[in-house]
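One structure is given below, encoded as structure tokens.
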Amino acid sequence: MVKITIVKTGYIATTTLIDALLDERASRKNISVRVISSGCKMNEGEAADIGNIAAQVPTDLYVIISPNAGLPGPSRVREILKVTGKPIIIISDEPSRKIAKQLGEEEGVGYLVLYGDPMIGAKRPFLDPIEMALFNADAIRVLSVTGVFRLIHSELDRVIDEIEHDKEPVLPMMIVNKTRALEHSGLRNPYARAKAMAAFEAARKVATLDVEGCFKIKGASNYLPIVAAAHELMRTAARLCDQAREIEKANDSVERLVHFKDGTLKRKTKLLGKFE
Amino acid sequence: MVKITIVKTGYIATTTLIDALLDERASRKNISVRVISSGCKMNEGEAADIGNIAAQVPTDLYVIISPNAGLPGPSRVREILKVTGKPIIIISDEPSRKIAKQLGEEEGVGYLVLYGDPMIGAKRPFLDPIEMALFNADAIRVLSVTGVFRLIHSELDRVIDEIEHDKEPVLPMMIVNKTRALEHSGLRNPYARAKAMAAFEAARKVATLDVEGCFKIKGASNYLPIVAAAHELMRTAARLCDQAREIEKANDSVERLVHFKDGTLKRKTKLLGKFE
Amino acid sequence: MVKITIVKTGYIATTTLIDALLDERASRKNISVRVISSGCKMNEGEAADIGNIAAQVPTDLYVIISPNAGLPGPSRVREILKVTGKPIIIISDEPSRKIAKQLGEEEGVGYLVLYGDPMIGAKRPFLDPIEMALFNADAIRVLSVTGVFRLIHSELDRVIDEIEHDKEPVLPMMIVNKTRALEHSGLRNPYARAKAMAAFEAARKVATLDVEGCFKIKGASNYLPIVAAAHELMRTAARLCDQAREIEKANDSVERLVHFKDGTLKRKTKLLGKFE
Amino acid sequence: MVKITIVKTGYIATTTLIDALLDERASRKNISVRVISSGCKMNEGEAADIGNIAAQVPTDLYVIISPNAGLPGPSRVREILKVTGKPIIIISDEPSRKIAKQLGEEEGVGYLVLYGDPMIGAKRPFLDPIEMALFNADAIRVLSVTGVFRLIHSELDRVIDEIEHDKEPVLPMMIVNKTRALEHSGLRNPYARAKAMAAFEAARKVATLDVEGCFKIKGASNYLPIVAAAHELMRTAARLCDQAREIEKANDSVERLVHFKDGTLKRKTKLLGKFE
Amino acid sequence: MVKITIVKTGYIATTTLIDALLDERASRKNISVRVISSGCKMNEGEAADIGNIAAQVPTDLYVIISPNAGLPGPSRVREILKVTGKPIIIISDEPSRKIAKQLGEEEGVGYLVLYGDPMIGAKRPFLDPIEMALFNADAIRVLSVTGVFRLIHSELDRVIDEIEHDKEPVLPMMIVNKTRALEHSGLRNPYARAKAMAAFEAARKVATLDVEGCFKIKGASNYLPIVAAAHELMRTAARLCDQAREIEKANDSVERLVHFKDGTLKRKTKLLGKFE
Amino acid sequence: MVKITIVKTGYIATTTLIDALLDERASRKNISVRVISSGCKMNEGEAADIGNIAAQVPTDLYVIISPNAGLPGPSRVREILKVTGKPIIIISDEPSRKIAKQLGEEEGVGYLVLYGDPMIGAKRPFLDPIEMALFNADAIRVLSVTGVFRLIHSELDRVIDEIEHDKEPVLPMMIVNKTRALEHSGLRNPYARAKAMAAFEAARKVATLDVEGCFKIKGASNYLPIVAAAHELMRTAARLCDQAREIEKANDSVERLVHFKDGTLKRKTKLLGKFE
């Protein structure tokens, strides 16, 4: 049994379901998951505190997930957990690409930098809990259909398997761009794939607009239209992904990769068919 | 500063964002949130373990969230945390209605039993991480638009405020049915509201179908159509909610209730308008 | 030539087209159809009157269609027609399940109890002729795509054929639930089928909500949202069915079962293909 | 109490609900409705037979509904019922415009010639009971939203009222074209109205295409695409009407005109508002 | 190298892209295209002026495109260009059918009379540049998907090829009705084809309504609803075409016919496949 | 009467309708428009040729429209026309921003650099005349709804008016980014505006993807998914714009700015209302 401790500080959309991706039916015998989180906050104090809790939890593999892994809070978590000597994988969003090289080459830390998990439009007159939740629902859909979630759990599954079999785990060091993501999407119809890729890139544009609206533009009457546009684009990206999956359904070609009790993944496509 | 520790064992859709609902922009000064989770698993051993971790975390208010609060795992967490003497609020799904009375009257524990957060179609040939994530995206949308998420954070905010001001907190003891949920939806157009209510009830039917498919029907060729139908109904419920919100957007009457730094909630409706 | 007399008292959605289902192009040589109806009303007096007219019409097979076959009006029609000694088939909606056993075992009357033909939201401030007609349009779509209409005419066709060939007709005694209906849907894509099944169950929820809104809740401000939600759910169920059929169209796999002049049914699927 | 006998021979979409339009909640005290129908067939023999039955039913007002009122069957019904001396109103589809003048001026018979109730694509390799039912569902939607059904029951209500109050009834003699229909649609938003008018005219084009496909073109490979196109256009017209009504819902301006127990019509628009 | 001069006077939707259809990637070596246009105006003076400019341009083939080729302006262009002795092909909309015979038999001029390129709703209170542009966007979609644009460039390509190889060009003389258009649509799914044909005929109805609204009805309150309905119908026709193409995408059967550098057309269907 | 000569070399989406935007109903008395175009090709030879034709046409204002105004062909046209001494306005797409300063400051030439008019996916295995036309239909919709077309004709109208009144025309020198475009959109609902802005930015992303697919990626299996994704994103952007306009229709707040005969623009919003 491999013990995985997931440390969450601050929120990206992947934060919502990262642990669930590993054991979607709670039936896997070869892993035990713990999550320690500071919720939305990710300043250094909050982060250090959960880092310290996590460091006490018996663990074979740490996964740290946060926005921009280069910020002080997530960096602090990483420093604390590095002391344990356990393997660490960072999962974060596009701004983390700036420290990716450092993480991998210098720190020996694995990373998955997710380009399709966009910053939210975090301006007070616009973002309330409901708008926030809807944005995350849209982002989850995009991450699901474009292959990002599949890629994440596949990489984690591989590392877990290596640990379980006492191999030296090869930590993933990957920028998850549109090409790498789509390879894991399982989409077979080329137009469904094109729609998903379009959604992925639209999601990146969402991030660009939200950064502009949140940090570069002054005055609510100027930034509100921009963050609102970002969220409309996010909704649209989610709908494109929905269309892509509906095409696969219409062709009965939805790929499923399911965790069995021993942690192996088996594949099937036809809904009423068998696992390969 | 009120210290809130959220203990998650097993998954309902609300699990994904419960902590984020309290502090959507990570800017609130009067709370500090810790989350301790056992991921998807919720058996007694896993649950006891995270209960014990959580019991060590300095806390003013515990929130326990899980499927069916009457199961051994969630019950065990509750027992462990009751020893701390801190106030406890249970958040769970419809099957928990059976122990609601006991929780409130006998144990003095608060509860929010959410009727619109449906069980997933957890059959191996159907449910993989991607299908699971998409189901949650749909459920998040329904819970957001129908008022469930608003009701949850409003109740928690009220209790937090009472604790912050050294009052005896009045723990919520509430079955969140369609009427109570919709009161918190902020939907102004009566047809938007009708669509949201329809979605809420459809989500409950999803649960019924998933229970039938997962526990009552034998043979994959018999239960697969049923769980697939449940997920199609969930997707449809989410789309209905999307339509409801689009109506409000078209009327520029989307209600926003935003957490300010001191934890107070302020309301606005017109996108380019002011807070009330 | 088999003489069929259809007696309609009160309205369910199937009432609108029951006779048309038997002879969609008015070209069938082996049947003659008469319909006697009291329109929307179904009290005992109205029902008795049309029962008496129908009893005078030369008939080989009676079909009685009404809401809740256990109510006094429909029961009265049945009593009157039983005197003729001709075979009788009752077609009615879900509440009739309560007398199904009695009909079949004690009275020797055939029945088709249709679970997907839901009660309307018959509250005065809500239901006008246009709303009523639209609800029926939605219900017709659901009954068409989910297999209910196919099942009905197939059973009637079988009985007609038995009568035509001087066999003792085996009267149908069937609760038309989601499984039995879908078997007759002809839908080949499993997701199309799942959508149709979801619609079927949503339609049953519509009935539940309309019963609640019409009979259990007092005060227009309380019941209006519920009956409006029921109708929104009905519209959504119809749209789901439309999506299901569009999938079959996209695969050119729409099943057609057409009445030929001699009453036999022939099947084809490809639009430009031949009958089997 | 006014006794209305509706005689149906053959099918247009209005046939399905004509009697229901008069008493949508079965609660009207001032009318009693009887329907006598020959189902889909409308040849002279079938028509004469139901004409004779209907002539025996105590009646204050006859309504005859059929395709093309100039055909032998419907004409025969009319002849039989004229002998009773009771007022007669013909309801029929666009081809009846050719005998409208004769009906009104020469025969003293009322008529409503409905331009938006189109002929179906009645070719054997295409039209089965399911396709037929779906076509009718679409047509019912168009007739409901464009004002045709409202116009029909308003005219009948007026005549009923005149009979009830012992006035000489003024029988309607009206070609129901797009302008007359839309006046009764109750649509307030001008674009909703434009969509409905577009649907009305599309429905007329459906008839043109079905006439072409059924009567003018030889060879299944030639006429099948045309009747299939006609039905696609019908589906589209229905969707346009759905959009029109959704606009009114979004503005909470759906007009409702409801029959009260004494047969009077009261109007309301806001869903949660009062009758005027 | 074949020199083609396209003379445009007034606007139909095909005017927008007629030259682009011949060389979609600007990579064709065997043609050189010149366009001379008088913009929206097409009176005799404007038309004569551009006819004279065009007559000076070295040309192997003239294409004249305008509304109603029988009007004085377009006729004047034709007269001027006929003097050059070069082959002329007229492309125009449905009203030109009246002079088609004269063009072909008497004048020896080729023609393509496009039935699906409808007149716009050119009433001042309704039509501004934005409405005009959107109408054209819709019309372009219909002309693209229904096969009209394919037919046009195929016919022009054929004539160009004949000129290039010094053959006597056979000028097209064709009424482009629904059947001829659809033959060029490349749509393989029969329901996609039916949707496209429905759109084509709806577009013709648009023309009928616009003619009625622009020329036959007096008073803005009378004609505005009609031209608005026409444009709604046009939007709907475009959406039908979009659905048709989406079906082909879902089946990966979109037909592409691409101009190679030497002007030959090669075909492919699977997006990631090869040219035939 | 102001004489405007529009010179088109190569294609952007605005090319299709630029002249029509000035005189949508062909009823304007104060302008005369000539268009001279080389079709899709824009190399130096073709461009010079049409430049020379255009230089001969009596003209008060030249408008040159092409992709990337800095390329040799468009530059050559500009050089030729500058010799005439007449005012020149360049309309081009985003890559032209690089020479905007030079055009304005050094050459005294006006310019409108349109950020929302994206490059097409011009790869041979993907782009045929139909795909090209559909891309343009989508782009026209985006340019119409987001305000770009309104801005273009407003600026041209202003210059025309200055010339007509013998003023020194102030040539526009403007980068048409999302903010400037949206100011001209006339959209009143803030969410409609947000959708339009999202579409505008999505269209820019289309350009980025098409540049990547056309110029940076080798191998059809690598670039085809990218250009296909770009076109899917373009389709989605168009649909977003359609939704935005539908919102305005639902609120009867579509802004119309119509050219009167004397060239003045008058505004109205309510469809059945008056000009201001």
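All chains are identified by letter, namely A, B, C, D, E and F, in their written order; residue positions are counted from 1 within each chain.
Note that in this section contacts are C-beta pairs under 8 Å (C-beta built on N, C-alpha and C of every residue); 3 or more make two chains touch, one makes a residue touch a chain.
Not measured: the values here are computed from a predicted model.
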| field | Given chain A and chain B, the chains that contact each of them | value | C, F
| field | Other chains in touch with both chain A and chain C | value | B, E
| Same or different residue numbers at the chain C/chain D copy interface, by half rule | same
| field | Contact-richer chain pair (by C-beta pairs counted) among C-E and E-F | value | E-F
| For chain A paired with chain F, centre-to-centre distance based on mean C-alpha positions, whole Å | 40
| request: Indicate the whole-number Å distance between the mean C-alpha point of chain B and the mean C-alpha point of chain E. | output: 57
| note | Multi-partner residues in chain B (2 or more other chains touched) are 190-191, 194, 224, 228, 250-251, 271-272
| message | Going by the touch rule stated at the top, which chains touch which? | response | A-B, A-C, A-E, A-F, B-C, B-D, B-F, C-D, C-E, D-E, D-F, E-F
| request: Under the touch definition given earlier, write down the residues of chain A that touch chain E in their complex. | output: 189-192, 194, 247, 250-251
| What part of chain B is in contact with chain F in the complex they form? | 249-252, 254, 270-272
| note | chain C contacts chain B in the complex at 178, 182, 190-191, 193-195, 197-198, 201-202, 204-205, 208-209, 224-226, 228-233, 236, 239-240
| remark: The chain B residues in contact with chain A across the complex are 6, 8, 10-11, 16-17, 19-27, 32-42, 46, 49-50, 53, 57, 122, 124-134, 136-138, 140-141, 143-145, 149-150, 153, 186, 220-221, 224, 228, 235, 238, 242, 245, 256-260, 268, 271-272, 275
